[in-house]
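Just below sit the structures, each encoded as structure tokens.
In what comes next, chain A is part of two complexes: it sits with chain B in the first one and with chain C in the second one.
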Partner chain A sequence: MFFSRTLPMILVFVMGVIGASLYFIPHPSAQALENTLSQWSIAIGSFAIFLAITSLIRRYITNIKRGKEVVYNLVALISLFGMALLGLINGTGPDSVFQKIFINVQVPLDATMFSLLGFYVTSAAYRAFRARNVEATLLLLTAILVILGISTIGDSQTWLRDLQEWIMNVPNLAQKRGITIGVGLGMIATSVKIILGIERNWMGG
Partner chain B sequence: MVKLVLLLLLTGANSKLSVKARDVPDDGGGRTQIIVKLDNSLIGDIMRITRIEDNGVKKDIYVGEVKDTVIRLGDRELSDTMPVRYYVLVNTKTGKFVTQTVSNSVIPKASLFNKKKLFLLLLAIFYIAILLSYMSKAQKGQELYLRPIAGLAEVDNAIGRATEMGRPILYSTGLLGVTDVSTIAALNILAYITKKVAAYETRIIVPVYDPIVYTVAREVVKDAYTAAGRPDLFKSEDVFFLTQRQFAYAAGVSGIMVREKTATNFFMGYFFAESLILAETGAATGAIQIAGTDAISQLPFFVTACDYTLMGEELYAAGAYLAKDPRLTATIKGQDVMKAVLVGFLLLLTIAAFVPSLSAKVDAIKPYVVGK
Partner chain C sequence: MSFWEKLSKLPRFWIYLGLLIVMILPIVLKIKAHPKMGLETRLVYDYIDHMKPGSVLLMNFTYGPSSMPELHPMAKAVMRHALLRGVKVIGMSLNIEGTGLGLDVFNSVAKEFQEAGHPLQYGKDYVYLGYKTGYAMVIRGIGGDFHETFPVDYFGHSTSDEETMPLTARIHNYDDIDLVIDFSASGSGATWITYAYQQFNQKIAIGITAVMGADYQQYIRTGQLVGLLNGMKAAADYEAAVAKLMEKELHYTPPPYATVGITAVTWAQLYLILMVIVGNLAFFMIRKQQRRRR
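Take a look at the complex of A and B:
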């Protein structure tokens, strides 16, 4: 109980108070402490990566044993170990096989997923801009003005560009800042609850 | 050079040229500010400012034509223990001596407290006091009204839907690490949802982006199953680290949604461009989707593609709402009160900014309000 509950709560309280105090102290020793804490975080992260990879491998193996999506799981496992072995044997330098596979397989795959966004944005915009009621109609009109203002038409029609900039810099920015203030207050409230040990769900309840 | 400094000090005030050096306040040390005041007749001449450390080390920090009668300069990367002076020499463009002076000695000290952040500190203390006051009221049994949040009211229905359909629930904690408060808020909600899921004997799949978040999420889910009295239902392979590449994560989670035919998807935490890929794929599979994020740029995508969206602070309030612990829900009331205080404060500042006699004062207090 002490190691699973009390000690983590004491550590959270102490580190939470220190972390909050560092924001107000510009002294180099405070900044050095902040850097040290960040390094601790990185060190803990490197331990966690072992546990994380183990969980991934366990999941793939369990799926293969159950005959569930065998091909996908085999491809993932072979890729995982294959790339790790290539990196260990051949290195990860600019001309290595590891880098060639990374640049010619991983990067295009990432780009492919990213390019899907174009289609998804169009589909989402179609649904968002359907003029079903007054608010949706206003949204549609505003969107048309912003799209026209930001496109090449805005170069020749300066009033359109000015209007688009006003929409983005005044009403749009005002609502963003409103949400940001709410987020800030929510963050502080959550942090206070955790530091004081009132919120314990992050430890499992 | 020491002789020169002494000579200049003994020479007395220079009517054409003066220089003052001061430590930059509220900083991490090592910085000074130099203010040089020159006579109008010196405009167009060449000024050289030399830093002279107490140990005799000299360095020119400025050489240039005089264009104004007041010149402010900053000097940095100085030692916190070494006093410095600034020697200012003005020559004509042809190199003929005009005038010279030397500044007072200054030690660029590091501050222990940034006074510009005092207002923010007081505001934070005031806010924490409000939170604690409402927590105390709630603990004494006082009823507090909380505005309903549609997305949270639907969480139980969404879990119930998955149970009725006999399909799993997918829960994503976003793409940031455990040091981010939105991730912690997401883990808090995960604990509540897992307890519900355990009671209904429904499966929950938690693909995680960050290795540290994975270790925490695994413990949260495991402990929540135990707290619900069903540790036997916990499947370690359902809470797993997926990848740390953004679009590989989007592809992986999308694949899980399609293959596992999840009935309910929860996207809680901080998301980036992958938010729309996840939400649109989930919408295409016909799953009920509840998202919660404080990533303002991703909110429109979630609002469009998900059934319910917790916007900004609602994500932080969600854990308290769902837990139904009076002390936790009281903080939401405190948040609302503080928001009202801040709105009043901002309104006052806005009105003051439009009053000509007050606008200069608003500008003067601005660094203390923003803490910079």
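Take a look at the complex of A and C:
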């Protein structure tokens, strides 16, 4: 109980209070301590990567043992170790095999997957984007005006660019600032709750 | 089934085929746009244009291949511009996919300058630091001690070595970096503002995908960003302006990406608007027919 709940809560309280206080103390010794703590965080981040890779490998191996999507899991495992080995043996420089595989295999695959979204959006817009009522009509017209104004068409049609900039800089900016301030206050409230031990979901409920 | 009903149930195949044709034609025919630079892009362009020779630009790559068409040409154009003005360029990445893409940007632009007859020297004119885990803490760490955060570059050279890496050897923290520009498809721009601008008063600009534009415009008016490169349009604006500069100063024309890509994007946007209009027309005609039948 002490090591699983009390100690982590004490650590979070102490480090949370120190971390938040250091931000406001300009004294060189406080800044030096903050620098050290940020370097510690970077080191802890490296452990997170190690943990993620270990858990990923364990999951793939479990799936293979259970006969669940064996081929996909094998491809993922081979790719993971293959790329790591290539990087370690051959290096990761601009002309290395590692970089060539990244640019010529991963980049087109990833970009292709994402580009499919454009086709789905067009099809969905054709079928679902309807001016059924006043609100939907306003949304539709605003979307069309912003798209046209922000594109190269707005370069020649200055009234369209001006209108698009007004929509973005006045109504859009006003609601965005409201949301940003709300999110900021929410983050402060959640942080205070975690530091004081009121919010404990991060310990697994 | 009436004509309008058939039209409203147009098979996906034809919609996809139309989009494919509209997207491919400008790229195959290399139809280049001649964009007019927008205000937010102009702010970044002017800032870099007025940087003194020898000053330092730190470029961060936090995007993956899915955002590459928008951010990659943007990053290349900014790097070309900085190098043309004698600004020293350092690259880094806060995500793993961005590491390889950042390396590609540095490698391609260095090759272009080589082809143009103005070879660059690694370690003196530009340095690529690569990936560092820790996200916000890396940004905070640079403000404390640059060499502690990045003891070696991407290739394993010591960043403190004055002989081989004079550029990074003189960097201690944000006081020695004149501008940070973050190319991102995530929320890293806000993290740079929180840790580098608020705490160290570091000048920051960002290059983002068009869908993120609305989130970041608010930071220009507050002075937290010096400017914003917003999507493919900004990439095309910047690329066209820097291409003109390179042609004038180095007699070299860099390969066009965004200026061709923006034509495809504009055509696709017009196609999307046309599809929405046709879809709505079919919707209203069907509703009219149904009312008549009643």
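A few points about this structure:
Rule of thumb we're sticking to: the second predicted complex is superposed on the first by the 184 of 205 C-alpha atoms of A that agree within 3 Å, B and C clash if a C-alpha of one lies under 4 Å from a C-alpha of the other, contacts with A are read in each partner's own complex, and residues count from 1 in each chain.
We adopt the following convention: a residue touches a chain if its C-beta (ideal position, glycine included) is under 8 Å from a C-beta of that chain, and two chains touch if they have at least 3 such contacts.
All values derive from a computational prediction rather than experimental measurement.
In the superposed pair of complexes, A:110 makes contact with chain B and with chain C alike. In the overlay built on the shared chain, the residue A:203 is in contact with chain B alone; chain C does not reach it. In the superposition on chain A, contact is made by A:31 with both chain B and chain C.
Judged by the touch definition given at the top, the superposed model places A:70 against neither chain B nor chain C.
Looking at the shared chain after the overlay, A:152 reaches chain C, while chain B stays out of its contact range. In the superposition on chain A, contact of A:130 is made with chain C only, not with chain B.
In the superposition on chain A, A:58 makes contact with chain B only, not with chain C.
Within the superposed three-chain model, A:48 lies in touch with chain B and with chain C [touch as defined at top]. In the superposed model, A:192 lies in contact with chain B only, and not with chain C.
Overlap of the chain B and chain C interfaces on chain A comprises residues 23, 31, 41, 45, 48-49, 106, 109-110, 113-114, 121, 123, 125, 127, 176, 180. Contact residues of chain A toward chain B in the complex are 23-28, 31, 41, 44-45, 48-49, 51-53, 55-56, 58-59, 62-63, 69, 72, 106, 109-110, 113-114, 116-117, 120-121, 123-125, 127-128, 176, 179-183, 185-194, 198-199, 201-205.
Those residues of chain A lying in contact with chain C across their complex are 23, 31-32, 34-35, 38-39, 41-42, 45-46, 48-49, 92-94, 99, 102-103, 106-111, 113-114, 118-119, 121-123, 125-127, 129-131, 140, 144, 147-148, 150-153, 155-156, 161, 165, 168-169, 172-173, 176-177, 180. Partner chain A is touched in their complex by these residues of chain C: 8, 10, 12, 15-16, 19-20, 23, 33, 35-36, 38-39, 64-69, 97, 100-101, 103-104, 106-107, 132-135, 137-138, 140-141, 144-145, 148-149, 154-155, 199, 210, 213-215, 217-218, 221, 230-231, 233, 236, 262-263, 265-266, 268-273, 275-276, 278-280, 283.
On the side of chain B, the complex with chain A involves touching residues 26-29, 80, 110-114, 117, 120-121, 124, 127-128, 131, 135, 177, 179, 181-182, 184-185, 187-188, 190-192, 195, 208, 211-212, 214-216, 218-224, 226-227, 236-237, 239-242, 245-248, 250-251, 255, 259, 273-274, 276-277, 280, 294, 296, 299-301, 303-305, 311-317, 319-320, 323, 325, 327-328, 331-332, 334-335, 338-339, 342.
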